[in-house]
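Across the two complexes that follow, chain A remains constant while its partner is chain B and subsequently chain C.
For the complex of A and B:
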């Protein structure tokens, strides 16, 4: 059975649980608010060769428990939903146990805590993106004013400004002069990255199990297609089939980052191309909110994820 | 493949004020076994979707299944559609039952002190969906 962890009223958690219910998949659910109170995790790590026997333990409820050997895969939305979580030592310890379970579980996990850490540094992700054969935008990260001028001069149009970390930001195109004028002496800009705006169509790719590739194209005039209403635009999402070499590059990238579920943001070059070196990858979301894309583009992402997590342990 | 405009989707930013006003759904009771837990989860899900104003989750799933058949993506589409249609009725019945039960409970209940955090939580929910 699939273990799902997260808040029941977090929309993606609810969406995936609804899918499991509707399709008759067996699952076990741990609401994050119960960790350290009604629910505990018992984990035993055994030295030895890699394999399913190294980690044993149970998910323990007050009057019943489920052994880890009964679990086929794990889907985690821990840390989402804006909950104010208990800070008791017990609750904090159980959240640490949950993080350890995600990292040590021998079967598929979407996603492991350590695998999600690449999202904390976009420049770090760019190294993996380049290694997978995709392009990245010309980027300046940091707050060194002396380097901005030279970078800005080399750009075609105003730069894009966006978060350099996993901190959420609304992507904007800014006037270089205004940005510079807004700077206060002695107060360096918080970590941001400035990029060349890339012409082309936004394509969102979800990779499940580093094998199944489900993609959609976003048609919009908005700079940030995820928030078209913020600028008075609309967006249309529709499913597309990627050229095989580009799909393979996405698989390589997802595998390299250790992700069993990834949301890869690409820019398709005008006129299209089957060469991944022509496609620009903006970032890889390590906890993708696939519900929106599934609803609007008809991509069967929840089904693919459930099938992947429900496969028998190897 | 079919093209869908954002306006016809299940979740929009217009849903967020309703969510913030309603507050969080409580964590489901863990019960005495996996079956009881899943029943509690399904009740909590019905409440979540009813707060969202989305009572036709099953219908959407059914439509999705039909679309899979139409587009020939998978021959399991019909099966998904049939199951989802049954689920739709169950979910709607359950949601209505829950709403009626909660009406009395919530009538005299003062606005939650946690409304601010709820509003924040749901304000970030849409962003999470599109991350």
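For the complex of A and C:
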């Protein structure tokens, strides 16, 4: 049985639950709003060598409970949907227990709370991306002008500016002169990240269980394919098969970040290449909203995720 | 010539003094950044070109720029939250820049911080639970039993895990079989020292198996310096109980600082030799 946790009215949670219902998969759903009210978690951790017996416990409802031993995997959308969450001690405690369950559960979890943190700082991910064999754009991250001009002048064309964190921001191309002119004397420069603009096609790769690789190409004139309408462009998504070495690099990257579900943003070099060192990785989304890609490119991501989470315990 | 950068060492004046002396002895330039300056007047930067990271510290008041290389040593002991920001977006950006610097800075970082480092992303009780036993069947060091939820009524002595009770409000309880006397293990690089925290804190020779477990625990946590509170099994206890149980784990040298304040020569020698290895060696601190 798959445990799904998240807000019932959040788009992706609802989409995945519909998929489970339509395909007859057994699941247990916990609405995040009910944690600490109608739903509690009780967990016991026993010292000893690694194995399924180390963690025991239950998901407790007012009149019944479900033992962890009957769960095969967990899908979490906790923290999404922009909910105003209850701040009672009970609700805070149960959200913390849910986070602990995601980290401690011995079977597959998409995704563990700690594994999702790498997305909080893009440079943190760059270290893992490079180790996996993919390329990263030349980048400057800082909060001062001192290094900016020399960096910008060393690039081909004007650089891209984007957020350092995972806070959603509109990616823009800016010139050194415009940026310098926008500076306010006496005000420190806020943290920023400048990057070389990379020519090529946007490819979004979803990796499930660090094995199944489902990719699509986004065709658009927009700088940021996720927000094409912000610049008056359209986007179309088409499923593609990645060259094997590139797919393997994505698997390595997903595994290195401890993710059972990842959304990897790549730039395919003009003319294509099977060498992962020619493909640029912009970032790894650790809580990917895969519905859009499934609906527009026909990628069977929900099915792959359900099959992975429903496998017998390792 | 390597450089030694020490950030946020104010809560540890005795340790800081000793590190200053070791830096002088090794003729290594020491740069100290206070916790208040770090992230405000001294900001990190990070540059990536052709797959190679460069990083450093900019002093925005004195306009000095200190680039750190793989020869240099960085020990960030404490940090404050990012400076007040006009929006949640800006606060997240400050934090992300600092995390990125810690993760990717080429310097040899002691207890490297960042979002890929288990020491800084996992709650410490979970770190103990998941990283112990460190050497499977050969291990002599185990975590306590943990329970999440209401306090169990099973006759055993359950205690709340303090930090969770204060911060996340999680109800995390722990228990061990009848605990023996409290001990402290200091892991610094490849050296382990063991101290009994009672009766004038005598230093003991750590049993070889326990030493191997503690070194493996530090490796599993990507740690260079750890303080571990632990208790041995009582002689009267069930022989099936764990020989040693780790009760707490800390990256902060608080017990070491207290022993330095008490002018314990063994503690001084332990830290001095760790510092000498770092400042004269070329190997990664880890």
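Basically, the second predicted complex is superposed on the first by the 312 of 314 C-alpha atoms of A that agree within 3 Å, B and C clash if a C-alpha of one lies under 4 Å from a C-alpha of the other, contacts with A are read in each partner's own complex, and residues count from 1 in each chain.
The criterion applied here is as follows: a contact is a pair of C-beta atoms (placed from the backbone, for glycine too) under 8 Å apart; a residue touches a chain by one contact, two chains touch by 3 or more.
As the structure is a prediction and not an experimental result, all values here were calculated from the model.
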After the alignment on chain A, I want to confirm one thing: do chain B and chain C clash, or do they fit together? fit
Just to be sure I read the superposition right, which of the two partners does A:83 touch: chain B = first, chain C = second, or both, or neither? first
Answer with first, second, both or neither: which of chain B and chain C does A:66 touch in the superposed model? first
Output check: A:271 vs chain B and chain C. Expected answer is one of first, second, both, neither. What do you get? neither
Identify the partner contact of A:121: answer first if only chain B is touched, second if only chain C is, both if each is, neither if none is. second
Could you give the angle made at the Cα centre of chain A by the lines to the Cα centres of chain B and chain C, to the nearest 10°? 140
Return first, second, both or neither, reflecting whether A:235 touches chain B, chain C, both chains, or no partner chain. first
So after superposition, what is the minimum Cα distance from chain B to chain C, given in Å? 14
Using the touch definition from the top, list the residues of chain A that touch chain B in their complex. 1, 7-12, 14, 17-19, 21-24, 26-29, 31-34, 38-39, 61-64, 66, 80-84, 168, 226-229, 234-240, 263, 285, 287-289, 291-292, 295-298, 300, 303
Which residues of chain A touch chain C once you look at their complex with the stated criterion? 40-50, 57, 89, 92-93, 96-97, 99-100, 103-104, 114, 117-118, 120-124, 126-128, 130, 135-144, 146-147, 151, 154, 163-167, 169, 188, 190-192, 257
Which bits of chain B are touching chain A when the two form their complex? 1-7, 9-11, 13, 24-25, 27-28, 30-34, 37-38, 41-42, 44-45, 48-49, 52, 57-58, 60-61, 64, 67-68, 71, 73-74, 80, 83-84, 87, 114, 117, 120-122, 124-125, 127-131
Within their complex, state which residues of chain C touch chain A. 43-51, 53, 58, 60, 63, 65, 88-90, 92-97, 99-101, 103-104, 114-116, 118, 121-123, 126, 129-130, 132-133, 136-137, 142-150, 164, 168-172, 242, 245
